[in-house]
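Some structures to go through are shown next.
The two complexes that follow have chain A in common; it is paired with chain B in the first and with chain C in the second.
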Partner chain A sequence: MRSATAHQSDLKNGIFVTPFLLVFSCLLVIPLLWGAWLSLTKADLFGPGKFVGLANYSRLFADKVFLGSIVNTLYFVLLTVPAFAVCGLALALALNRQTRFATVMRAIFFASSVLSVTVVTLIWRIVFIPDIGLLSNIFGWLGLPQVAFLSSPKLAMPAIAIATLWWGIGLPMMLFLAALQQIPGEIYEAAALDNAKRWKTLWHITLPAIRRTFVLVLIVQCVLQFQLFGQAQLMTQGGPNNASRPVVLYVYEVAFRRFDVGMGAATSQVLFALILMAALVQYVVARRKEESR
Partner chain B sequence: MKTGMRNILLAASLALTTGPALAADPVEITVQRFFGTCDADWGTNTDISKAIGECGIITSQINKFAADNPDIKVNVNTVEWPGYDQLTAQLASGEPPDLVTIHESVLSDYQSKGLLQPLDEVLKSAGVDPAGFTAAGREGVTKDGQIFGLPIDSHTMLWHINMNYFRKAGLVNADGTLILPKTADELLAQAKQFKEKVGKPYLVQSMANEKGAFYRAMYIYLTQMKSDFFADPTHLKLNTPEAKKIVQLFKDIYDQDLTTKDQDYAASLSGFTKGDGGVLLNGTWVVGDFDALSKAQGNALSDGYTVYPYPPVFGGTPAYWSDGHSWALTKKDRSPEQTAAIQKFLKFMADTNFEWARTGHLPAQQAVIDSAQFKALPHVTTILDIAATAKPLPAQVRHQFAVNDIIGEEVAAAIMGQKEIDAALADAETRVNDLLAN
Partner chain C sequence: MTGANIGMVRPRIGDVLIVLLVVLAALIMILPIAWVIALSFKLNQELKLDTNAVFHAPYTLKNYLDVLGGSNVFRWFLNSVIVSFGMTVGVLILSSLAGYGFARLRFPGRDILFVLVLFGLAVPEQAVIVARHQIFSMLKLHNTYPGLILPGLAAPFGVFLMTQYFREIPKELDEAALLDNASRFSIFWKVLLPQTIPAQATLGVFTFLGAWNDYLWPLISATKKEMYTITTGIASMQTNFAQTEGLGFLMAQAVFAGLPTLLVYLFFQKYIVAAVSGRAAR
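After this line comes the complex of A and B, so read on.
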């Protein structure tokens, strides 16, 4: 049986978390529940909705464009998330030194993260645009034919993925750098005394030491990249032939351009479920691996 | 005596402190417009007659109104075309601008939700008579028997032609007039001849992630062929032999390399001015800019620019897709002073409608269309008939911008070989009908 003092202490502790819980409820829990309710209604932005049950969901799963947007989004996640993890780690390993050059390079690689999506897409449109773009000029110097990245159904999504990687590489790099700097130097010194080669050190010391950060990067990037929107809207408008239309762009078009907020909310619920599943799978797999050690 | 003097001093000091403040407070109105930004060129210009192009002219119109009315402070929001996502968000949050530029095809979307204020009384008080609007303008802004916008133009798509290339290609008559195709086969034959003689594609098109030109071309030719694709405004019928003919023609042009490819909207505009090809498919809104360019030396259009309506290559009667720009008033609480300022603004816009017509658009005031001043503008004679043959989509077709986007996307996919023509037209039908049914 717990004493009255302990209960009092619990209540006092509760005061500390109340502001967070309030903000969390107002900005996340209530909108989430409201979104779930909206998905069961036929509603627009300017009036009360009408309950229609699962009608929005049945319309949604009969829509080829929506199903295509799911495939596009998964493809984009596959293109970007492993690339963020591998490139972020490679950059962090390369720049994990106390030299002025490494400091400047870290700042340069992180700098793109502070740009807005509008600036990023402007820059990359100039890179990809045929005839006068940077890549077009390089292809011309090499005597190679022009490639229309943004109007090719096969290349549009990889082009958006490259722009996104350039934009967002700073965060995983910094997370990996922070993790690398937590590894005690003595372990590396011991490995050096044992004549361990660089690859062996990486494989047996560095990677196991930062595995939690690795999982964190994968989960964070998964959640972020499932929400691809601005780059696709500004670089390709979801085209050509719906080849680069992600789920969030679909939500935006349905809810704000067609005033079909109920259908937009239903799409958002599906996206939420997808992100949740992807994050949970990674988390569970990582935990199991850890427990089996 | 002392008290009297104190009162006088007090009254004087009150007058000094409050008087100037009351006199210096201009009434504020917020206008929201698209048409781009051009402050570097026209940001301080108040001589409207000197301005060129949509952006230059509307910027100068607003500057001139503000200069003439120092008691009115005009806050200008410039939005990326067409700006409806922003407007929707502003209306949903209860913070809309006062006046907003809006396409007549979109008016119903907001009017039917009760978000716009009828303008009948406002225009009457301002001294603007809707009877003076063109028939197209009046029809475009009239919803449920009330006026919901001040129309400022009617616009459509045109063939913008590089005459220097057409002369080189031998596509001009002995008297120097242009030879335009009369059938789809003639169009293809002329395009091939053009490419052989000039070494450039016949058409300059915006094809990369651009939907506008395709749905507009569809509307123009379907209307000319009397295909009732929106006979029922709640149901699109696009999987038809007429629609297939149109898509097939554009696909043939694409497959035979008779058009520029992969250019986006901006690239196609600059490509045409640099001499990328013979005919740019674009709207009335660029006539003023190209005409100014053709009068300057040292560019591909120098002394060699003209413009024509789309040649009716599938027969039928001349008819052209059209839409119109207008100023609409959002519904919100306003002071009588603000309402008066809005009336003044709308009157000014109606009175300067000729200046807006210099963009290339057809004016919305019949008096301007009838004026010798308008008829003396460059290229007006070749496109004036459009004022009588303009055919907007039925106003009952909801969400026209979203409908247009879907048709443009599917048709583009078929033209560029990413989808079979039949499949693209069927998908366009399905998607649009699902949208209209919900």
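After this line comes the complex of A and C, so read on.
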């Protein structure tokens, strides 16, 4: 038994968590509630507005640019999230060994993750820019025709997705590596005795063993990629013809460029709801599958 | 695959193919950065005609001298240093105190409060940013260092990480001190905190990188040029990109802005790997 004095519940003990809780309440909880309220008002940047009920939301859902931005964001999530999961897993499988080569490679694939969005977009604009860009040069050497990636409505979003994949591939790779290293080696030894083929081992042993991490990667990436902003703002300004305008860029423009704060707040509520829904759906689906096993 | 023994029996074509693919992918990772670095060493006049010029001399340091000589870039760099260090120190202090409190002390409402903090993990920045901006306007915090630093302090991730870490420290360590009637704070400070240094390093590196690279909040909060961070500052110069005026200069700025985080990464790789794999380095 532990001493009673040491473990008594005491209000004074709460003093350790108070500083954080104060900051947390003022900067997260209150803004969250305030934002929900703001979305029901007509307000500008400088003070509380007047209550207008759901008017902002009905304006929002009548706005083609907003609806387009939701479609764009979903398209971007569909482009990137599966790619992150598949490429991340492939890299982790290839680099899950204790060799110097693997260590160096891991460091290379993670390095781009520590760059800021500004540097990443500078790098990739100089890759995609017509005539003088890296791809233009490569296409030129190969005798291929020039392509203006960022000014094509069809290619702008895929180009942003490629830059994003390049930027963020390190995180899923590391998560998968951590999971692979948790798999006990005996399982593989047993499989090797059975003369199991590589693909069979992957399919029947490795993948089931890391399914939790797979779901985690999907959820984390979904949440992250729904927040697409900097790449689209800096690479294409949402263009051409709104083809690459994501929801957060819409929030930014409405709230901080047009100063329609109520509408901006309403948009961010919708985005929040979308992210929560996407994460919940994945979580529930994964849960159900696990139970049915 | 873990089964190195599988490959050892006879080297298979599959293994060779995997290595080749990995090397190819690594080249794709490095090539854009190499291109940017190469461009940064070229004179602007030459690049205007043809970027293929990077393959032959002359090379120049002029772009880097221009970056260092330019009044703004240096100021932005300094702002980033102040903001990133401020946020890192703040997060470490708040998270350690709260982690200790949640993990090792009892007080009324503790469990509910902890669940509330965990809920905070699920709230994306965009959900609060409009309201937060309005509150900061009223308090006249925009275009100030506190305005840039404060939002980063409300990070539940640090509290979560430190709570986990404090829980793992053996109970005997502070119990003896408690029986000697040492104050809770001195136990925290002298006995437990030294045990958490690896976790502090992990959390510190991550907070620093996050703060240095943050884009959305500095973009809307710091609207005066002299209060930009290096991230938003460089972004503000990207706009006239298409004319390729000063392409080499722009690339030198990219290198200048990216280098600090790459260096932090090189020095603290161990802690970064530990943090993304979900365990604090020991």
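In this text, the second predicted complex is superposed on the first by the 264 of 293 C-alpha atoms of A that agree within 3 Å, B and C clash if a C-alpha of one lies under 4 Å from a C-alpha of the other, contacts with A are read in each partner's own complex, and residues count from 1 in each chain.
Just so it is clear, a contact is a pair of C-beta atoms (placed from the backbone, for glycine too) under 8 Å apart; a residue touches a chain by one contact, two chains touch by 3 or more.
None of the values given here were measured: they were computed from a predicted structure.
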For A:89, decide between first (touching chain B), second (touching chain C), both and neither. neither
In the superposed arrangement, which partner chain does A:201 touch: chain B (first), chain C (second), both, or neither? second
Kindly classify A:157 by the partners it touches after superposition: chain B alone (first), chain C alone (second), both, or neither? neither
Considering only touches as defined above, state whether A:28 meets chain B (first), chain C (second), both or neither. second
Per the contact definition in the header, classify A:256: touching chain B only (first), chain C only (second), both, or neither. both
For A:217, select first, second, both or neither according to whether it touches chain B, chain C, the two together, or no partner. neither
Compare chain B and chain C by how many residues of chain A each one touches, and report the one with more. C
Looking at A:276, would you say it contacts chain B, chain C, both, or neither? Reply first, second, both or neither. second
Between chain B (first) and chain C (second), which does A:11 come into contact with in this model arrangement: first, second, both, or neither? second
Quick one: classify A:183 as touching chain B (first), chain C (second), both or neither. second
Counting contacts the way the document defines them, which residues of chain A are shared by the two interfaces, the one with chain B and the one with chain C? 45-47, 125, 129, 132, 252, 256
Considering the complex alone, what residue numbers of chain A touch chain B? 42, 44-47, 59, 63-65, 125, 129-132, 146, 148, 150-151, 153, 235-243, 252-253, 256-260, 263
In the complex, the residues of chain C that touch chain A are 1-6, 14, 18-19, 21-22, 25-26, 28-33, 35-36, 39, 47, 50-52, 93-95, 97-98, 100-102, 105-110, 113, 116-117, 120, 122-135, 137-138, 150-151, 153-154, 156, 159, 171, 175, 178-179, 184, 188, 209, 212-216, 219-220, 230-232, 234-235, 238, 241-242, 244, 247, 250-251, 253-254, 257-258, 261-262, 264-265, 269, 272-273, 276-279
Seen from chain B, its contact residues with chain A in the complex are 84-85, 88-89, 91-92, 109, 113-115, 207-209, 211, 261-264, 267, 271, 399, 401-402, 405, 409, 412-413, 416, 418-419, 427, 431, 434-435, 438
For chain A, which residues count as touching chain C in their complex? 2-3, 5-17, 19-21, 23-24, 26-32, 34-35, 38, 43, 45-47, 91, 93-97, 101, 105-112, 114-119, 121-127, 129, 132-134, 137, 166, 170-171, 174-175, 177-178, 180, 183, 185, 188-189, 191-192, 198, 201-202, 206, 223, 226-227, 229-230, 234, 248, 251-252, 255-256, 261, 264-265, 268-269, 271-272, 275-276, 279
